[in-house]
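Note that the chains take the letters A, B, C, D, E, F and G in the order they are written out, and that residue 1 is the start of every chain.
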């Protein structure tokens, strides 16, 4: 049975390790600052005992004020999971670091998130639209998207 | 003996017989060898995730059918489970069992197509796929019987099923369970030991264990690489903890292993079906609250082992009648990430084979 | 037989004044047999297209064509009409002349080969003393048509197909010729009629290995499945005839089946004792055997997956070629040992030799997949 | 895995295919020969019961596609509500949610499945075109009563049973 | 009546055409083709001599066989060289391959 | 008569095809002209009652060498630059014409000893005797075999990848 | 009665196995499968059986000779070259030795080479080597002998450099090849001299002519010395011995087969084969004997101080080869001294050297294989890292001990019988050489037992050390890394069985000549009186004296290295100059490298040539050249580098010639 690790516990660990990185930790998820996302992710992936070697999925949610990025991590070794979140602000040019170097599975997902939300992933080797064509205007999954492209 | 030329660009697809939908590989070729490849897709993009935000929770079930159209039942199952998890609905025993039966039948049906198409890509001229479609038809008959459709079943509902199974379903299922193992054996005889197939698929397109994990592969692709990871076992949902079955794994993650894993999974599904059939209880097929309108605020991730891997629905609710956000973790989409790594360095014929062995469904990838 | 036989000693002598003993003159013979040969080819091809689809349908638990006429027998004619009435498309930027010529270049040699095929004792257009060599030489020409088609289509898939064609044809010519050579050694003649006459025991029994090599090699050369790499529809769409439509496509289709017919006819003639057989008239025996061989081809096509190009080449060079050389040597020794004709008990020895060679060579060669290191 | 290099695998495959030569083909010759479909089939037309229908538009709301339009107006002459239903069958995905949603069992899935149209405007159907008739049989979807009257589904499973070799 | 001279002149003509092509053309493949034409011209001559001068002996045909063998070998090696050069320098224009100039 | 007609047709085809090889701009078509020429020459062999050689000509030249040439054409792909000439056109033409003239003159000036004996009818066995029989060319055959082997090995070595 | 054509089979079977392995097995079969080994072993065992049959046949045949019809191979003008084989006593003895040792070695290699990536290559080369060695032995024609001689050299090159990725192995292979080539020039020169003098290559004709005296004088002497030079190169005689110790870079079975039993013996065999020629030339005989004696003591002295067990054995081989040469030379001198030499007598005289060769082949191969076995267990060849292996490797130890005893010449083992014959003959022929030889006896016993005690007695000293392993361990091949430094263990059965099988002849083969049987066999019935009675109890003091000397050597080694009564270091430092001299191999390598190649050739001779060239020749040439350059500039425009232009010129030339000829004619 997959154990869903409490965000509180991991949040505590992360707070010790990366002071100031964790914004909020609740039972379900850990919310970290986007600047320290990469470090936290690397820590989560490489630390023994955590070993989050599997990125179950990655997506974003549009909350008007900010985009919340959701990373669902799993460890095939210990059979546990956790949810990592980060936020990025601004609707014009939101940027978050890319985790594609850690989990190659993020490749298409980040491109898709970019495509549909317009969130740029810094460090992604091939940051371009994936499901929509290159000349497409706007990002459809944003809440304020209207079909005429505004 | 590869003939080398200067590199040239070859568009494999989107109108190619073996790209399983409208999928395109922009391959840079050196003679017959692929030196670089970029997958291009999106021809089927319908914005299902956006549509979900504008539909009621139950109204979206029929759209999940259109995701992975070869395993609609699994999609229904995953979506309903996720919503039920969010709403805190506990479905009845009978419903769980019927769902499991449907999901496993769907797995067999889908794997039949996967294997058949894989062998067809390998060049076995239509025979395996025709045989396997015949078996699939039998399963589709069963589905038609319960849901009234042969492809987009729209059978499950949040909180249960749309209708109970008709009384002629169980005898037919028994008959199917009795016949099917022998057919699978026969298909195994058809090509499993075939020298040409072995030559073509063994050692071709190896996806090493570490890469498979790193690339978030799941389902038969991951298992063929030797990772014993099956949501049904590691995170048993529904009533899967009541069944005995094995997780077949491959030795090295080549095309042959992926083919073998799928065939073995069909056998395991039959085992589960047999047990589920025996344990199937009576009672209601749905909970009294069928139409949950306003779901509590929160978020949930419900995932099942779909035929192609981990199918998950990440749903954020804001207490309105529709999901605030519904993300679909599509297994084919993530498995496809592995394609480039596997294909580069192989010949075009191998590329087709490797692509076939991943077994993607474009409806799910483009969403 | 209504037609009496007349054997040309060679085309060279055919150019000399006509002999007087042919009733109605020499040209009658030519005319009659030309018509027979062309009719034979065209009708058999039509029949084969129907037969293959029908047999394949049954092997695949389907019905096959069944709409046109009783049991769908006039389906091929309908197909032909459809092909004729279709728009003929020449791709943009294609080499038009080459594109136009390709189907003809592919078709003519195949038709030409039937000149030397005996339908009954001596019933053939020309009994060349270099008959089988003629067959091999001329039939290799039709690969040119494929190359032209692949080249002239201005399509990358077609070009890949053309390159495969070149590689495959050049490679498979060798084992095929060598396996034919052992038959010729045994028969002592290159004339197809003489080869048939020499088969008191069908050569499939005397030369099982040569038969196998010829079967594999020739089906690779005419790109029948499992070696249909030239038109591998799951890989390179339809290969060299991707860009063909209408009548030109129909010609390629015709070539494909005419080649299959040729293969059946050659196997019948070289290994199955041609038109010989008890009770029934020779031409019927001939047809029965040809259709039977073709059924085997269909059967194999239905069952086997396709090989890859490098495996195809490896099979030719590493497996068929050495085995055919060995077989040739063994045959030569046998012929030396029994100059008056190899006695029939040797067929058991030959079958044994074939089994041993195939098993041992498979061990050595492993068809190319023994070398893939799979880390468990 | 045993060594498999001598053509044994090929021979086995050939055996399987030749076995099929002596079995019955499973296909049917469709236009002449028809099978009974499921009793619950969701055919490609809706059948509307103008008597039961109250014009509540629940079906229209339930439709995920929005293919059903319901308009009600008061017919003063006859002194009753007039219900105008328009279904764009071209959009309909045959999900059956409208039938499920209808509180009055006024709308049904059609039983037949051969309703291709030649003209585009024919697929937009309204009031009278949706009524049940000889050719517009109601399906048993979500209504067991009707289902019981329909013929039993033909199963491929029962149609061919392999002969024991 | 067609006699020996006809064949010999035909052979001379073909040989000259081949020679001209071999001397003038820049494309190495074409040059190879021209050389094949020259070899064929020689073969015609040999066989013509064999036919007309010593019809019973076939010596000319034997030599023609050897010429064909040599031509096959030459074609194989020549094409291999062309392809090797092409791989290294991406050209088969023989006038640009003037490494013989010191 | 038939002989004459066929000779003239074949000769013209051979020469025209050979000229096409030299003068066509498209290399691929030039290769096909070459095949045409080879086929015509094979026909000429038949008129010389060398049937075996005619078939061998088709087998080797048309079936193998031409195919190889086409392969080279496809691999090197210098097609659209076509088939240019170098700056030696005029001197080469003069030399070749002189050459031709000399050849023709020699042919015409010599008094050939044409034998009246009819040619050997089926040449295959006669050729075999000549090649392998006593006092034949066995050693030469062996040497040519070695030559072929060397050529094959050489070709493989040349084309091999590093 | 089996047909004599079967003798061809002895030679053809390894050839067949070579062809099969090289053409079919190696390209198509994984090195993990042991097919190649089985094929080779089968072929060579069959050859061995045939050889034994040959030996019996020849023993039974009258005159101990069998005529095998020759095959005409090529007729070039008047020169008709027949391919024939010569089967006499010498041949069959060599055949038995070669095939016997070879088959044992191949079996042993099956274990030793297991898992090596070059497994098939190894067996292909081994087959080829065996084939060429057998060809060399069987050839009835000195030209063919030379061909096979070179083939043998080639195989030796291939096998020494088997692990060619190691620079040391590659260098050793090159060195061996070049040094033996030096000798081969002598051989070739001798060959040509012989052909010029005699007009034939046929060996029996040459024999007859030499005995009859039609071939003689200076020509014969130089021809014989030339042949001997070849023999010296191949048999690693004194000035050309430097390659053999380095050749130990090859796999150990190679050393055992090639550098102990067969190829190095080819030199001795050559001398023996051409012995009637040598007998005609006392000068040549003296050269042979002297070089042999010097080599014997020289190599033995170096063997005293080596740390590498394989090198000790290698030096021992050189030393023993020296013995054989000495035996041949001395016997020749004795025979020639008596006057009136018949062919039989000449052949009988070779028996002394050949008998030692015969015995030596077995025990030396055994020693090498033992060394290989030890290496297999410890991962090193360095004796300082071994010790105490007696307990863990009883079989290896026992067989090695037997071989060592045999080498030291202890009664009644094989070495005893053959060595003392040589000593006695030497005493009779040249007493000075006898002194050298008798000292060598002592040294031999000492060094081989030093090796034995260092390796097998005392405590285990750890085996291969990773740092040190760079030389010793690397020579061990890729396949055995796994059990290098681990605990030593007895080798596998496939390696032990050949050791045991070889130990049998190493013990008993000496008895053949106790009563002169071997000599009689060689001399076609003719024996020499001086051998008879040598071994009757105490009739002659020499053998027993030598035996005592050998025992003394063994005791000394025992004292120094097993019991440590006497400190080896102390003695080493006492005789520091000698030790250094020996340890540095008399600076022979440096001499060759530095003095001969660099100083003499490069600085001296070449410099002189250069001076002459630059001053004298260039002056004259430059003047001409300047004129030529001026001319060339004008002609240069024709050299466009454009092939077709050249073709055009050729065309013009031909045209001109044609026109010219026809204008004239």
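Definition applied: a contact is a pair of C-beta atoms (placed from the backbone, for glycine too) under 8 Å apart; a residue touches a chain by one contact, two chains touch by 3 or more.
Being a predicted model, the structure only gives us computed values, none of them experimental.
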item	value
Closest chain to global C-alpha mean, per-chain Cα centroids	C
Interface ranked first by C-beta contact pairs	E-F
Chain separated most widely from chain E, comparing mean CA positions	D
Inter-chain centre distance, chain C versus chain D - centres from mean C-alpha coordinates, in Å	50
Interchain centroid distance [CA atoms averaged], chain D/chain E, Å	74
Inter-chain centre distance, chain A versus chain C - centres from mean C-alpha coordinates, in Å	62
Centre-of-Cα separation between chain E and chain B, whole angstrom	63
Where chain F touches two or more other chains at once, by residue number	3, 47-50, 52, 56, 64, 68, 71, 74-75, 86, 88, 92, 95-96, 99, 119, 123
Overlap residues in chain G, where contacts from two or more other chains coincide	642, 644, 648, 651
Touching two or more other chains - residue numbers and ranges from chain C	59-62, 163, 167, 302-304, 367, 370
Residue ranges of chain G in contact with chain F within the complex	642, 644-645, 648, 651-652, 654-655, 658-659, 662
Interface residues, chain D side, partner chain B - complex	4-5, 7-10, 12-13, 15-17, 20, 26, 37-42, 62-64, 93-97, 100, 109, 139, 141-142, 147, 152-153, 155-158, 161-162
For the chain F and chain G complex, residues of the former touching the latter	86, 88, 91-92, 95-96, 98-99, 102, 106
Touching residues (chain side chain F, partner chain C) in the complex	2-3, 6, 26, 28-29, 32, 35, 46-52, 55-56, 58-59, 62-64, 66-68, 70-71, 74, 119, 121-124
Chain B to chain C touching residues, read off their complex	1-3, 8, 10, 16-18, 31-32, 119-127, 130-131, 134, 190-191, 194-200, 202-204, 206, 251-252, 254, 347-350, 352
